[in-house]
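Two complexes are shown next, each including subunit A; its partner changes from subunit B in the first to subunit C in the second.
Up next is the complex of A and B:
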């Protein structure tokens, strides 16, 4: 048994042990025992993923009841990347859960669901054949479905969210099943190694690509299949939503990479266009919805749609560029996709854990009722702030490096020889630029309204710093965001080797260099330079401040400039109001302004009530009519079943006659 | 037994089966239907006996006695007890007798068409009688659909079962005793259970018209 097989076996054994511990331990000790067991499972997952990533190969297989069908775990290097992502996120979430879970989230079933969910998550990228892949995929769906239902007693909307989630996740599974069936029928085998014989330009290849991409896009939460994401993520307990958002939707990315890199490499240009369009629309729509929503967790869920959209955009660009033979830019786009995936895993995990801490401390999820948490929860604020920088793709964070790489690939891939490229890449640049701008607004809003200013509710006023495990989990995530942003070189090299890109180098203080594009980025050197430049300014302004001490100005009447009440501050809604106006046609908010006049004169206003309701346009315009149609169909089809025994007998009689007639023809 | 006598006896019993089925479709009186069903049972037993005599197997003769006891005596008795417990034995079918008879004729034709590939052009009398079994199954189904009363449903079910048994005997040239025993017990149980249910219906709803049961859906 080689190291990889050993690590995978250890992981499976620890997972079994964790399940037993979670099921049997007494309620008072459960969170510690089950949490530590889950930590151990995640740690062994990181080891296994690390072995796979460094090029070890190994196969674990178990026979099934069906002849010639074995369950096989055989991770390759790409799988290793995603095993490491899934395990690392699980590790942080489990650590967080030790301090966080209480009530129904600390129940036996919630812990079991969490362990099964995260195990399935780590097994999906390890699978070596279709059956194992789908089995792990369903384990993942099952566990997360139970987790979405955790608070169903107190939150009725959890039930509806779980229903949406279950339907969409089953849709995803059915599409995958169909796609894999197409591939397996064409090749006559279900092992991944055998599926590669399908030609990407054949009709079979095209059909499989469409089915699999739609299936994976559903899981990844791409528009217009994202509809479950803003419902399910807010309802699950925060450690579970962190794993769902930071790792589970990544499995959609992994699956897409599996299709375009492993099963059918060298896909035609239209594949790239499909992925580009899907990703571009998702990125813009996701961040637009995120920028105007006020619910912290819903905002983060929409931002997930945006980030996954960017990753698909990068994959699409890579396929498109490769189809036109522009290898260097194509490889840079692929590297950008992986960097985006890792970066998103780090900052989104930290953000969701931080959001959980906010909900835990204040009991509020509505940004309009938060504020002032920076003073009350300094550790959480620090972690959340760094992660928000990462999400806004600002320098010295991982998000910046990833988007920089993406831009490099777009810029160096632009060519006038191929019309699709000449059109697609500039549009993609515009999309990414718009997304980055809106992301900045969104996360300034999230951090500024949530953590700065004065508390807007008593819940926010009474907030207190959360327990140590919760703090540390969020901080480690934030540290990863910085580490990936400051030393991108070594990480990019590891990622590049996982997908067979050789042309990536480390330069300077862990900087990233892409020699074939002739570009390099050394964040550490940039940071040092910036510090050196800023130092004189800081020194001079500090000195001049000492020379002119600040005068205290106490105005008797503040000219409206003195904010006497927290209600006079900007709220999340008012901050996003300009955006709402600009994108009015897309967002279509419902706004009510009710003005009550004073009884003495109708020129005097006694009260103004403003109400704004935002709904997902795609849900209202796309899904609701579909659901209404299905409902009508159901009502009509009830006439078939009117309760008359004779009618039922007639059905079978007619069926029998038809069969007989068909047979005799 | 000479071959021609064998063929004639097979045709006679099979013809009786079909004739009784057609008469059951025609008659509205439940008592008459039960009597016809008993005749049908005798014909089926006769068919099995002829087969057993021709094949010279004592087992088939035993089976024929079993069939005679069950289908010609026990089941009609059970049914007639049910019918006799209340005075109204008129069936009001959903389809008038003429239309039912036309349907029965069409179904018999369908049965012959369906069986054409099996029959081929052999002169084997058992193969030539197989369509009658199929026709019996279809006519039994027709009775189930068009009759309202619970007792008529039972009669339809038994005609259907007779059809299945006929096909089984003719195609496999007899059925082992143990298999027939099992099948007969099944039928007996089904009839007894339905009998009990019909009694309950009578008590609960004051009638056994199945059209009154449509409220029980969902």
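Up next is the complex of A and C:
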């Protein structure tokens, strides 16, 4: 047994042990015992992923009742990347859970669901054949579905969220099943190594690509299939939503990479266009919804749609560029997709854990009622702030490195010879730029309204810092955001080797260099230059501070007034109001203003009530009519079943005739 | 480590810092004269700065560290931009090239720091300014990146110094339609980024119409000094960039003392002309209504986009 097989076996054994511990341990000890067991499972997952990533190969297989169908785990290097992502996120979430879970989230079923969910998550990228892949996929769906339902007693909306989630995830499964069936019938085998014989330009290849992409896009939460995401993520307990958002939707990305890199490499240009359009629309729509949302966890869920959209956009650009033979830019785009994926895992994990800490400490998840948490929860604020910088793609964070790589591939990709590229790439630059701009607003709003200013409710006023495991989990995530942002070179080299890109080098203080494009980025050198530039400013400030220390006062200027009530401050809703107006046609908010007049005169106003409701346009315009149609269809089809035995016998007879006719044809 | 490049970059920062208040002074003085006022003289911004640095700094109760560290971050961002951009010479730091995306992101750090300062004190005006400021920043972003993308196509590189150097070698590029469209688009974006008319009125005294000023209302003393100097530096550096894109001559391409002296004088002349033109232009402009600003930015985006497509489709 080689190291990779050993680590995978250890992981499966520890997972089984963790399930037993979670089921048997007494309630008072459960979170420590089950938490530590999950930590151990995640740690062995990281080891296994590390071995796979460094090029070890190994196969674990188990026979099934069916002849010639074995369940195999055989991760390749790309799978290793995603095993490491899934395990690392699980590790942080489990650490956080030790300090966080209480009530229904600490129940036996919630822990079991969490372990099954995260095990499934780590097995998806390890799978070596279709059956194992789909089995792990369903374990992941099952565990996360139960987790969405955790708080169903106190939050009735969790039930509807779980229903939406279950339906959409089964839709995804069906599409994948169909897609894999197309590939398997064409090749006569279910192992991944055998599926590669399908030509990407054949009709079979095209059909499989469409089905699989739609299936993976549903799981990845891309528009218009994102509808479950803003419902399910906020309802699950925060450690589970962190794993769902930072790692689970990433499996959609892994699946798409499997299709375009492993099963059918060298896809035609239209594949690239499909992925590019799907990703671009998701990125802009996701961040636009996030920028006007006030619910912290819902905002983060929409931002996930944006980030996954960007990853798909990068994959699409890579396929498109490769189809036109522009290898260097295509490889840079692929590298950008992987960098975006790990960067998103790091910052979104930290953000969801931080959001959980906010909800835990204040009992509020509505940004309009938060504020002043920076002073009250300094550690959480630090972790959340760094992660928000990562999400806004500012230097020196991981998000910045990833978007920089993406821009470089766009700028060096376009040529005069390929008109589709000359149109697609500038549009892609504009889309990414608009997304980045809106992400900036979103995360300034999230941090500025939540952590700065004065508390807008008593819950926020009485907030206190959370327990140590919760703090540390969020802080480690934030440290990863900075580490990936400051030393991108070595990390990019590892990622590049996982997908067979050679042309990536480390330069300077751990900077990233792409020699074939002739570009380099050294965040550490950038930071040092900034520090050198800022040094005189700091010195002058310090000298001035010696003479005149800062004096705290009530509002220094305040337009001549004093701060009467925290309600006078800008809220998240008012912060997003200008954007809401600018993008009115896309967002279509429902707004009412009701003015009540004083009884003495209708020129005097007694009360003004303003109400604004924002619903997802795609849900209202796309899904509601579809659901209404399904309902009507149900009512109509009820006539078929009126209880008459004669009618049922007729149905069977007609069915028999039809079958006979079809068979005889 | 390349000491020449470092020395040149530091020299550039020094010159930009010394000149930035004068650029504002020239703009204000031109405007004052054209409006029939005597004006305070072009040294007034420097006198204001020195006065602010000597004064006591007040801050509201219960604010976070953002209010005290934010102004230094704003300064660091502006100084870094001044070090990176090709203002006096096209020599770049070997490990920190003036990549367009890096420059834009460094500028955005300053933008975000000011927006957070606006929110920190918890006054209604600060929040209002911050919200408007971020909306404009978000909508400017596509224009900036697409415009510089268009400029980067003839140079085959996204480094601003190579773009400017290409224009220096082949001046015909400057008057090509592609380049004109892109520079106009970039100029509108610069006006929006630096809070000039018609997007924001830097000399307004009415809080309800403020954008940038509203965010720094609660800052005083050295905090205010850094915020003001930071925004002036940002204006000067970006004006210098636009000037060098339109008139690249005089820019030093090697690190000899003579070339640097010529480069510095050329920069001073260009900035004086551009600052005076900006001041003169502002006399004839009124501030746009806030919700007309997106239309202006959409217009400039269309120009930038036309520039990119034209560079591929029209030869």
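General remarks:
Just so we're on the same page, the second predicted complex is superposed on the first by the 631 of 665 C-alpha atoms of A that agree within 3 Å, B and C clash if a C-alpha of one lies under 4 Å from a C-alpha of the other, contacts with A are read in each partner's own complex, and residues count from 1 in each chain.
Everything that follows uses one rule, which is that a contact is a pair of C-beta atoms (placed from the backbone, for glycine too) under 8 Å apart; a residue touches a chain by one contact, two chains touch by 3 or more.
Only a predicted model underlies this, so the values are computations on that prediction, with no experimental measurement involved.
A count of residues in subunit A touched by subunit B and by subunit C gives the higher number to C.
Contact with subunit C, but none with subunit B, is seen for A:568 once the two complexes are overlaid on the shared chain. When both complexes are overlaid on chain A, the residue A:625 reaches neither subunit B nor subunit C.
With both structures placed on the common chain, the touch criterion links A:522 to subunit C but leaves subunit B unconnected.
When both complexes are overlaid on chain A, the residue A:454 reaches subunit C alone and has no touch with subunit B. Of the two partner chains placed around the shared chain by superposition, neither subunit B nor subunit C is touched by A:325. When the shared chain is aligned, subunit C comes close enough to touch A:422, but subunit B does not. For the contact definition in use here, the subunit B contact set and the subunit C contact set of subunit A share no residue.
On the side of subunit C, the complex with subunit A involves touching residues 9-10, 13, 53-66, 68, 72, 75-77, 79-80, 82-83, 93, 95-97, 99, 101-102, 105-106, 108-109, 111-112, 115-116, 119-128, 130-132, 134-135, 137-142, 144-146, 149, 152-153, 157-158, 207, 217-218, 220-222, 226, 290-291, 294, 301, 305, 308-309, 312-313, 315. If you check the complex, the residues on subunit A that touch subunit C are 291, 371-372, 374-375, 381, 392-395, 400, 403-404, 407-408, 410-411, 414, 416, 419, 422-423, 426, 429-430, 432-434, 436-438, 440-441, 444-445, 447-449, 451-454, 507-509, 511, 518-522, 525-526, 529-534, 537-538, 540-541, 544-545, 548, 550-559, 563, 566, 568-570, 574-579, 581-582. Put simply, subunit B touches subunit A in their complex at residues 94, 110, 113-114, 116-117, 138, 141-142, 144-146, 148, 210-211, 213-218. Residues 641-646, 649-650, 653, 656-657, 660-661, 663-664 of subunit A are the ones that touch subunit B when the two sit in their complex.
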